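Both complexes below contain subunit A, partnered by subunit B and then by subunit C.
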Partner chain A sequence: MPVFKAPFNGYSVKFSPFYESRLAVATAQNFGILGNGRIHVLELAPGAPGVTESVAFDTADAVYDVCWSESHDSVLIAAIGDGSVKIYDTALPPPSNPIRSFQEHAREVHSVDYNPTRRDSFLTASWDDTVKLWAMDRPASIRTFKEHAYCVYQAVWNPKHGDVFASASGDCTLRIWDVREPGSTMIIPAHDFEILSCDWNKYDDCILATSSVDKTIKVWDVRSYRAPLAVLNGHGYAVRKVKFSPHRRNLMASCSYDMTVCLWDYMVEDALVGRYDHHTEFAVGIDMSVLVEGLMASTGWDELVYIWQQGMDPRAS
Partner chain B sequence: MEKAIERQRVLLEHLRPSSSSSHSFEGSLSASACLAGDSAAYQRTSLYGDDVVIVAAHRTALCKSKRGNFKDTYPDDLLAPVLRALIEKTNLNPSEVGDIVVGTVLAPGSQRASECRMSAFYAGFPETVAVRTVNRQCSSGLQAVADVAAAIKAGFYDIGIGAGLESMTTNPMAWEGSVNPAVKKFAQAQNCLLPMGVTSENVAQRFGVSRQEQDQAAVDSHRKAAAATAAGKFKDEIIPVKTKLVDPKTGDETPITVSVDDGIRPSTTLATLGKLKPVFKKDGTTTAGNSSQVSDGAGAVLLMKRSVAMQKGLPVLGVFRTFAAVGVDPAIMGIGPAVAIPAAVKAAGLELDDIDLFEINEAFASQFVYCRNKLGLDAEKINVNGGAMAIGHPLGATGARCVATLLHEMKRRGKDCRFGVVSMCIGTGMGAAAVFERGDGVDELRNARKVEAHGLLSKDAR
Partner chain C sequence: MATSQPSGGSPPKPWEQEGNTSGPKPFRPPSNTSTADSVEASGTANPGELVPSVNRTNTAANMNALSRPVPTRPWEQQNYGSTYGGYGSNLGVNSGYGSGTYGSALGGYGSSYGGGMYGGSSMYNRGGYGGGGLYGSSGMYGGGGMYNSSFGGTMGGYGMGMGTGMGMGMGMGPYGGQDPNDPFNEPPSPPGFWISFLRVMQGAVNFFGRVAMLIDQNTQAFHMFMSALLQLFDRGGMLYGELARFVLRMLGIRTKPRKMQQPPQGPNGLPLPHQPHGNQNYIEGPKAAAPGGGGGWDNVWGN
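Moving on, here comes the complex of A and B:
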């Protein structure tokens, strides 16, 4: 399957929700510590084992995350290291991009997530300990959620309820929010160490997973959150990202500082169902295609973006 | 900078849980300075967009002048096919080329400049693409490549071609007009007039290079070149040239396609070479067999900024790192590489040991052997596919030829072959050398893709 070599270190990869062959990659120079960033939009060539870049956008600081709009097929949003959130329209000539730039976060923006049900708003999580809610047509953020005591690494919308989202923070808590409420509706002290990522189950709106520096992934039911439904061991270092499958209820994928990408079925005893060791540096970005069952993509600090079919070797071409 | 330190700290926390007790090894984990130290041979893992890279390097076959397959070919018909090949193999729009620089030595300056300009038209370049020539004697081809690399670095243009052309059939070595008598007052200037063969004898005599050693070098050169040809190693770099042969007696023209060097003699042995008489000195050691061949040929190298190559999805053959030209005593001009190579290697921040492959022009076996021994180079790393004694030395084209041969061989050798050097001596006492790099930035994983529009930069790009 195709491999794309980026000039910078990979940070995030996302499949387009509109085109099965399109994906966006967020990259940053010098491991995201110092330097520029670049967003690549990649196109899988039909039939051929190749991947082509249709457009790229340069940024002044590292790009840590990117997400596609759920309402416009050409629009994508980037989370930038300098605290800005930028919106790009791939259909417009590149000199007129970005079409918007919001400078509100005081520190690095680490994740961005587009509302999949209401399709009009998106969330950003930042190292300034806040989560912000935005709409495309507003000149500034709609709301700031400030409760976490340390970096917020990720905020993700609930797939069913357009007003509910979860946030994962380095303060070792997972918080559930309803944008109609003044504060968080639930605080889960999910791990003893920093929580780097979280995701909702796409089939059960009460179940979500967290991944942590403690090398584990935990699966939670918000109706009984005193103990996790499952604790998944297997990664050798902090688990950087966790993602539920859009096609199979129990399946999830994760990537870690141990350079591997793992597939899990949290309902069975031997939860680890697959391990891919194709990356040669920290694996930090992962996504599963909504449009093509089993199609996965990952990226990492080795500057490579792999796109492969589950069950195949990502390196096989 | 504070921001960078803070980012490092946040990321380091991910790898070092603050109150870890269950796993002791984690406590010992810390960020440290790169253990590789300050040796510049370290693997560069970041690609720099402003690197000057070579994306294509090709040459014609080299043929014996006056007797070889190019004896009835116009010089511009040698250059045009290689220029065209660069465009065809890369699908580059020829109008994007900023300049074509051609190294060429023997032909009258203005006439050759015109011929090169005409060649560009034959090759399909539009009138908007500029052409010029450069003459640094035997290193003109390399100088052309270096000039283009420098111009790209300077920002004059992003894409350029460095080429070389010589038809020693059309333009034999000769001095026109009379010599200024003032030359007698300056020994060094006088020595500039020495025939090259005499300088070779000087090197052999002054540094004690024996006839046996020289003949052995020539035998090796032929053997390696014959093996490389038989193995098809030159196929990637040689562009076939359609031309004609004219029978000198009947005047009949036969159309031919030339794609093989015709000067290589696989049967060359020490015994056959030993019978040859010295040409330049009665009791000398330099013979026709252990000197470079007089040849016709051309070569061309396509250079561009790495960012442009990546945008166009062109595979990178190598990075142009450094170039140096240094003067030496004209009476022993052949020692040039022994001075120029260390200069270029040092400028690249490397040491001689870091270089994995050399193309050192074999103008004469005497100077080639001297340079090899003087620098203490491993013979296994030099001219692995033969050199000028077997393949030929069309003066202006040699530099471009060596770049093509070096980079294609480095490509074959893969990751273990990271740094390569091209060097040659220069008549009137100089040496030139250039350092090329492959490595991580040039691996097989390349982004072959189409360019759809110009101006891919977004407006907030710095």
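Moving on, here comes the complex of A and C:
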């Protein structure tokens, strides 16, 4: 299975929604604490177990997250540690990039998510406690969502409803928002510790999962959010990211500071259905391909990006 | 947008081919316009809003019931100096690293010491306690740094203690900048240096902020690491103790193994309080000794 060695520590990996062989990786020097960042665009070689870098963009600060545009196949958006949001066109050479840069967040931008239904806007979540909504055709953000009392680690669009998104914050709450409402529409005190990540179920848009410093993943139904549908134990340390499968209703993947990537089926009793320990440092980025069922990618502080088929060993070449 | 192919969008998602789930949804039906239009139609748009980096915790919109107090963010030791530009606003430097823990407790420490780095204060950044002159602001005037910074904390860095290289600190008023006509002041150093210096300090703030965030997210890991470290020291200490005893033994000095040491005994055969090895027994002693009519611990030490 293909492995890519980046010069910096990996932070995020995302499959292109247009090309099954393309992915983007966000990396940061010195574990994202101090130094530059780089965005790599990788191409999986057809047939052969290899991966090549097609283009890379350097940034002046760590890149914490990256996401692909759903409307233009070559456009990607990066969340940068200096509070800026930059848009790159991978079809253009590095000197003409980034094509846009927005400096509105006061602190590190930690996640970026492109609206998958309307395909005209994206969200950024930042350590300045806010979530911002942006549109590709606007020169500035459209709206700022300020309610969280601590860093917002991730904001994710609902996969079926173009106006609804969820945000996971260090203030231990998960909030559901409608961009047309003045405030959040739902506040779920989901964990007793910081919530680092959240994601919507792709097949039931009322179900979402949160992952937290308390080492658990919880699955919630927004129609009855008093108690979680499921609590998934198995990670040894804080769970950094959680992601629902685009192909299977009950399947999700997570990565953690315990250096493992886990697969879960939250509907069955023994929810942990797979564990991969291929990373030798914190595993902080994970994605599942929308176009190829079972194709997964992960990255971590060991500077490696693994792309593998579910059920296979990521290290096997 | 300078894109190569403005195509109609990404291929349909696997979940879009499936019908919607049944049951009522807690969401309002989606609007049919673009996201930007639907936000603007709802009157909630606030284009290009800049987020202030200070005191975000106190926003009125904060209506959640948290299960724990939200920790102070590392970067709330605000770098006012660089935020507001002026060089010589040593508050920025002071609050550079942190000293919330030290600075506030020490109060005027910074001013007498001139410790831009350590004297600063504003971890809590509500008013701030002692700040300090940049370098060696000495004596009374140096104290200016202290007073100023207490304004500075709230006012956002207008109070400057301009420390000159000679250790002559000029405390300016809360609104005071550097008066170019003041005969007691030397002309300020070229801004290039200060600005770059402040940038370095800003970098330090960022650095510690990010380190603190990582520790935050790895509470357990950090705890394990620290306890492992402590355990290592503990074991290390024991190792050295054994080694020392072995060496002494080789030299012909006989040390008594600990177990054989006889503690001085108090009345009823109870060990005296505050004996290093008797302590534990002292706590439990009276309870255990009572049913036996006293002296329950007499044979413990094997004499």
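To be clear about the criterion, the second predicted complex is superposed on the first by the 317 of 317 C-alpha atoms of A that agree within 3 Å, B and C clash if a C-alpha of one lies under 4 Å from a C-alpha of the other, contacts with A are read in each partner's own complex, and residues count from 1 in each chain.
Rule of thumb we're sticking to: a residue touches a chain if its C-beta (ideal position, glycine included) is under 8 Å from a C-beta of that chain, and two chains touch if they have at least 3 such contacts.
Here the structure is a predicted model, which means the values were calculated and not measured.
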Overlay on subunit A: subunit C relative to subunit B, clash or fit: clash
Subunit B versus subunit C as contact partner of A:A106, first or second or both or neither: second
Touching partner for A:T52 - first (subunit B), second (subunit C), both, neither: first
Contacts of A:Y11 with subunit B and subunit C, given as first, second, both or neither: neither
Touched partner set for A:G32, first subunit B, second subunit C, both or neither: both
Subunit B versus subunit C as contact partner of A:L196, first or second or both or neither: both
Most subunit A residues touched (candidates subunit B, subunit C): C
First (subunit B), second (subunit C), both or neither touched by A:W127: both
First, second, both or neither for A:Y266, with subunit B first and subunit C second: neither
First, second, both or neither for A:E181, with subunit B first and subunit C second: second
Partner chain(s) touched by A:A149 [first = subunit B, second = subunit C, both, neither]: second
Of the stretches 8-16, 44-52 or 314-322 belonging to subunit B, the one that collides with subunit C: 8-16
Overlap of the subunit B and subunit C footprints on subunit A, listed as residue numbers: 31-34, 81, 96, 108, 127, 151, 170, 193-194, 196, 213, 237-238, 240, 257
Residue ranges of subunit A in contact with subunit B within the complex: 3-5, 7-8, 29-34, 36, 50-60, 81, 86, 88, 93-98, 101, 108, 127, 151, 170, 193-194, 196, 213-214, 237-238, 240, 257, 303-304
Sites on subunit B touched by subunit A in the complex: 1, 3-4, 7-8, 10-11, 13-15, 17-18, 45-47, 49, 310, 313, 443, 445-450, 452-453, 455-462
Residues of subunit C defined as touching subunit A within the complex: 1-11, 13-16, 18, 20-21, 23-28, 30-31, 34-36, 38-42, 44-53, 56-57, 59, 61-68, 70-71, 73, 75, 203, 206-207, 210-211, 213-214, 216-221
Touching residues (chain side subunit A, partner subunit C) in the complex: 17-18, 31-34, 68, 70-75, 81, 89, 91-92, 96, 99, 104-108, 115-121, 126-130, 133, 135-144, 146-147, 149-151, 158-164, 170-173, 178-183, 185-187, 189, 192-194, 196, 202-206, 213, 215, 222-223, 236-238, 240, 246-247, 257, 290-291, 293
